[in-house]
Amino acid sequence: MAVMERIKTAIVGASGYSGEQLVRLLLRHPGVELVALTSRQEAGRAVSEVMPKFRGWPGAEALCFIEPDPARLRELAVATAFLALPHGVAAEIALPLLSAGMTVIDLSADFRLEDAAVYREFYDHDHPAPEWLSEAVYGLPEVHADRIKAARLIASPGCYPTSVILPLVPLLRQRLIDPGTITTCAMSGVSGAGRKASVPLLFAECNESVRAYSVPKHRHLSEIEQELSRAAGEQVRITFTTHLVPVTAGICTTTYASLRPGVTAARVTEVMTGLYESARFVRLLGEGGCPDTKNVVGTNFIDIGWAVDDRTGRVILLSAEDNLIKGAAGQAIQSFLLS
Amino acid sequence: MAVMERIKTAIVGASGYSGEQLVRLLLRHPGVELVALTSRQEAGRAVSEVMPKFRGWPGAEALCFIEPDPARLRELAVATAFLALPHGVAAEIALPLLSAGMTVIDLSADFRLEDAAVYREFYDHDHPAPEWLSEAVYGLPEVHADRIKAARLIASPGCYPTSVILPLVPLLRQRLIDPGTITTCAMSGVSGAGRKASVPLLFAECNESVRAYSVPKHRHLSEIEQELSRAAGEQVRITFTTHLVPVTAGICTTTYASLRPGVTAARVTEVMTGLYESARFVRLLGEGGCPDTKNVVGTNFIDIGWAVDDRTGRVILLSAEDNLIKGAAGQAIQSFLLS
Amino acid sequence: MAVMERIKTAIVGASGYSGEQLVRLLLRHPGVELVALTSRQEAGRAVSEVMPKFRGWPGAEALCFIEPDPARLRELAVATAFLALPHGVAAEIALPLLSAGMTVIDLSADFRLEDAAVYREFYDHDHPAPEWLSEAVYGLPEVHADRIKAARLIASPGCYPTSVILPLVPLLRQRLIDPGTITTCAMSGVSGAGRKASVPLLFAECNESVRAYSVPKHRHLSEIEQELSRAAGEQVRITFTTHLVPVTAGICTTTYASLRPGVTAARVTEVMTGLYESARFVRLLGEGGCPDTKNVVGTNFIDIGWAVDDRTGRVILLSAEDNLIKGAAGQAIQSFLLS
Amino acid sequence: MAVMERIKTAIVGASGYSGEQLVRLLLRHPGVELVALTSRQEAGRAVSEVMPKFRGWPGAEALCFIEPDPARLRELAVATAFLALPHGVAAEIALPLLSAGMTVIDLSADFRLEDAAVYREFYDHDHPAPEWLSEAVYGLPEVHADRIKAARLIASPGCYPTSVILPLVPLLRQRLIDPGTITTCAMSGVSGAGRKASVPLLFAECNESVRAYSVPKHRHLSEIEQELSRAAGEQVRITFTTHLVPVTAGICTTTYASLRPGVTAARVTEVMTGLYESARFVRLLGEGGCPDTKNVVGTNFIDIGWAVDDRTGRVILLSAEDNLIKGAAGQAIQSFLLS
């Protein structure tokens, strides 16, 4: 990325929680010029009015929300557009932006699945642009860096999937675990549900509350299984349960799988280190390390620990990330910096 | 229990969080006279001073903490003593109380295990009174009511174990699941760690934090496996992971197990209902029901829901309870009212 | 209240947070039969479905929400109707219920002000039934018990006003403070804003957030000043600031006023004790006592402490209550039990 | 500050919450080389072990805690030492560091008061080094920039005082308010109490709790009155009440004062703007603006809003800051960058 010339970027659908993190990260990045933020609801308002935490930030004072108009983004010479839109809305605007020659990094689920049939199974309707599914690259930089570099349409992973896939990939690739035995339990902060008026997301409903939801078939399961299957070289099906916990941000995920005979804790450590030692945003806490969301919230790190339960022959994988950063905006920017 | 004559009770070690719940529940109970509260640290202070929430409660104003002296409890004609003491301390005082003819309901882990060898494995020292292990009854009223009625020493279950054991017992007894496939993920509020000065339990450490701990071998695993083995009629080993989440009270537990071939969701429902339909403190939310800790905190209920994941052949068991009530003080009183 | 014959009651607008507390308290009360709950949104649904925490409660299983129809409430022979409706909606339904001979206890602000002009100033429209303003009694039992006993229309006080008025009334009545010097700072949990879908009330907005709002003229100021003026025997105007803090329930209020010359801390204590010593739900913590919301949440108590700042000649009044109980449902039931 | 040559700094007492923020901010600052962190308790341990959030940070991996030994800091050629020690401990180590020629920026209260008698009144013992009180400069950069530039010993202000003093200084300097009428109500997150094992600071004690404390004479009152008196040109005494609210970080302060006759809201705005328009870290929200701690936590900003209550002739001043940054570590670095 040239230092001298800043890349013009836009955030489409910038008024939600992921959008806010994109604003924060792109405003700070010296190689980027943030030329437009769009929001149907907030069009015409200053960023610092809608998001008062950006008052006084260099670059923020002049920014106003505009309507999500592809022609306007083209006039502004946007090179890369980040889409932080609800599922289903993203695909609609992605196509004209791609046609206009922009790189699109989509934070929604619209282009994450390769198989339109799986999309229909999990999202209950036909995919609006199936011809783009094969072109889109799943934007998990630690796993698909080479493909991301060449991509024009990057489907940035979901928050839960990032926390489930990253710890499992090395073990599946090296065939250390039995793919039929994976169960995973994930706990997310409430910002993961988005910034929308909804009684179940009220403070007085979520505070002092812990509960599972979307059992047994959360939509993110589809992309998780796609990526695990790719790593394993065979079809993988897992049981995945999501829980809402009273923190604003952060995902803590615990995953269980049976080790193949003879696999030791030392071998697990070796394989983890082999894949992630030089991954800047993966922090390996080692055997026995228990990640804590408070150590990653506000950062693009994912912390990973593991333990072997000798009594049952299972490995326990522990991961923690900020759902809005490593699980959304930060990871999207990681892909952007590769591309 | 006679209505006319109130049973004299004492709480030994009443200054912690479970002790506080015992005070609350026993003060309110018309069949009980709470004649003594002991606490080494608080001896001499009024209850309403140490626990200001009891100011103005009938019966609380006159209560003062006293030293934990068995002779004094005998003088006060205590019939039942509840022990809410740290692990290890309970056994010491239980013996003289039992010798003095009192019924002892111990909320600590000291008498929960039948096998002194398992005790040594999990608690790292020899059991101080192994001769009492066979006499103690594991105080889970929905499972061991008959034995509790006859017991003089009741070992009230741990908070986590209650939430894990109750949903599994009917399925293990009826052989609906493969006992070798059980994994369980439990999330607890911070009061579960007790009322002790400790940096990791500070508000500023636990707030906005979600993390696993005691991986892979939490001490409660020992009593869980004991009870699951009893229900299954064979040795059961499971993988059990505990997490700290930022709520004051409440445990939310999610358990996975492979169904035996041909077992349907309807059969799971039938078996659950069969065991718990008339259990006053078990609320079955049915297939697809997701318990929420906020609906049980402050009560002695455990809410249980379940789902069958057809794609993987697993059952997902969901439970929620108040760790200090159904998981401690309330359950102890349930046993007391049976005995 | 006759023990043998239970009084038939209804809750109109029972699906909000105050309504939920009314359900809880009335279900438990042996002298009350709760014959109807109304809610436009939830009509037709079982209480235990809408409010899962009441599953398994005696009396709750049979209760369904119905439409708020005065004729239906008359058919059910309702003697007392509690209105837990939004401001403005309550007056509409109160009138037919009063005409039908019921006692109405209104938790909204609709009948709290005696002066229709003040109502218009603070609520920005004409009062819909000014002829009832003189008949309504402000339902603060510690202050207006005699009038409440005789009332057919009780305007139950707001949550903030209760916490401000109760500590000040004895000092104003006895002329211990200069009424022109009162400033008050109140902090409320988020349930005070009601159970309505709203972005600013989302968990992710309110968590880790403390902020003032409705500065400088919160609507509750009108009823506060009415009652303080009544106690002082002269027109009182105060400065009152409200803050939102991240707790579900609870109000903590700190009030400052200049003591008249020569007034000592002992005299403040004497006057406080004089008025409240036998008030069952007022707990006086004495000079230097600092109330904590956690000691009153879930109860109908208001805790009051005070301190004299000799350096400035001011008294500092400290109070804490549960905004939904002593500040709403519990206080309404206190009035009901008087009437 | 020269860009080419980085200034060698040390943090003495780095293991607390303010220390952690100093580590974070100094590690990131390009003009600073952080050469030593001291901590009696943590000496010998790596920073990334004690504070896992710094794992993987450039510069953090090599840092270990050392003993707080002045000779060692001299050997390391430390130019500026930040002291993040408890009150009383700071003075002891400050003297040898000053003697060794270092600049000392003390975050404790030890050197904030000019008058040793006031120190004795509020801290209950004689000042250990009264000869340094006249040399120390109160490190509030928006108010004392010139003196800070020349200082060798900077007493960085307390968290509460910063939030109270900054909004009042312009109004007192311009004589807009009556100094005898100031009352102030401040709410702080729990990190303000420090990282020490203490039952009242446990999560289960502070969560769902709001309470006043240290009423009526919090120690910070002494430095507040010193600075307000300086601004007013006369002795000022105020009433100041502190509250603990369940957030990790953040202070929200609301201050009341009577305006002098004829002072308008427009004049208040003019005077605020006059002093702070170009203050980089003061964000003026204008008349009616209500600061929210969530917009300043994690930053060095203090947000200030105000309102005039025409009915009572008072001004209401509203401020919010991060207690650990603008209220501690960030402000200390602001002074450092001036000096």
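Per-chain numbering from 1; labels A, B, C and D assigned in written order.
We take it that a contact is a pair of C-beta atoms (placed from the backbone, for glycine too) under 8 Å apart; a residue touches a chain by one contact, two chains touch by 3 or more.
All of these numbers come straight from a predicted model, not from anything done at the bench.
Colleague: When I count C-beta pairs in contact, which pair ends up with more: A-C or C-D?
Modeller: The comparison resolves to C-D.
Colleague: Using C-alpha centroids, which chain lies at the maximum separation from chain C?
Modeller: A
Colleague: Could you grab the centroid distance between chain C and chain D? Build each centroid from C-alpha atoms only and quote it in angstrom.
Modeller: Their C-alpha centroids are separated by 39 Å.
Colleague: Calculate how many whole Å lie between the centre of chain A and the centre of chain D, each centre taken as the average of the chain's C-alpha atoms.
Modeller: 37
Colleague: Where the CA atoms of chain A average out and where those of chain C average out, how many Å apart are those spots?
Modeller: 45
Colleague: On chain A, where are the residues touching two or more other chains?
Modeller: Counting only residues that touch two or more other chains, chain A contributes 189, 205, 208, 246-249, 292, 294.
Colleague: Show me the residue ranges of chain B that touch chain A in the complex, using the header's touch definition.
Modeller: On the chain B side, the touching residues are 181, 183, 185, 187, 189, 205, 208-213, 215-217, 237-239, 241, 243, 245-250, 252, 254, 256, 288, 290-294, 297, 305, 307-309, 311-312, 314, 316, 318, 320.
Colleague: Considering the complex alone, what residue numbers of chain C touch chain B?
Modeller: 52-53, 55-56, 208, 280, 283, 285, 292, 294-296, 298-299, 301, 303
Colleague: Mind pulling up the chain B residues that touch chain D in the complex?
Modeller: 17, 189-191, 195-199, 201-208, 246-249
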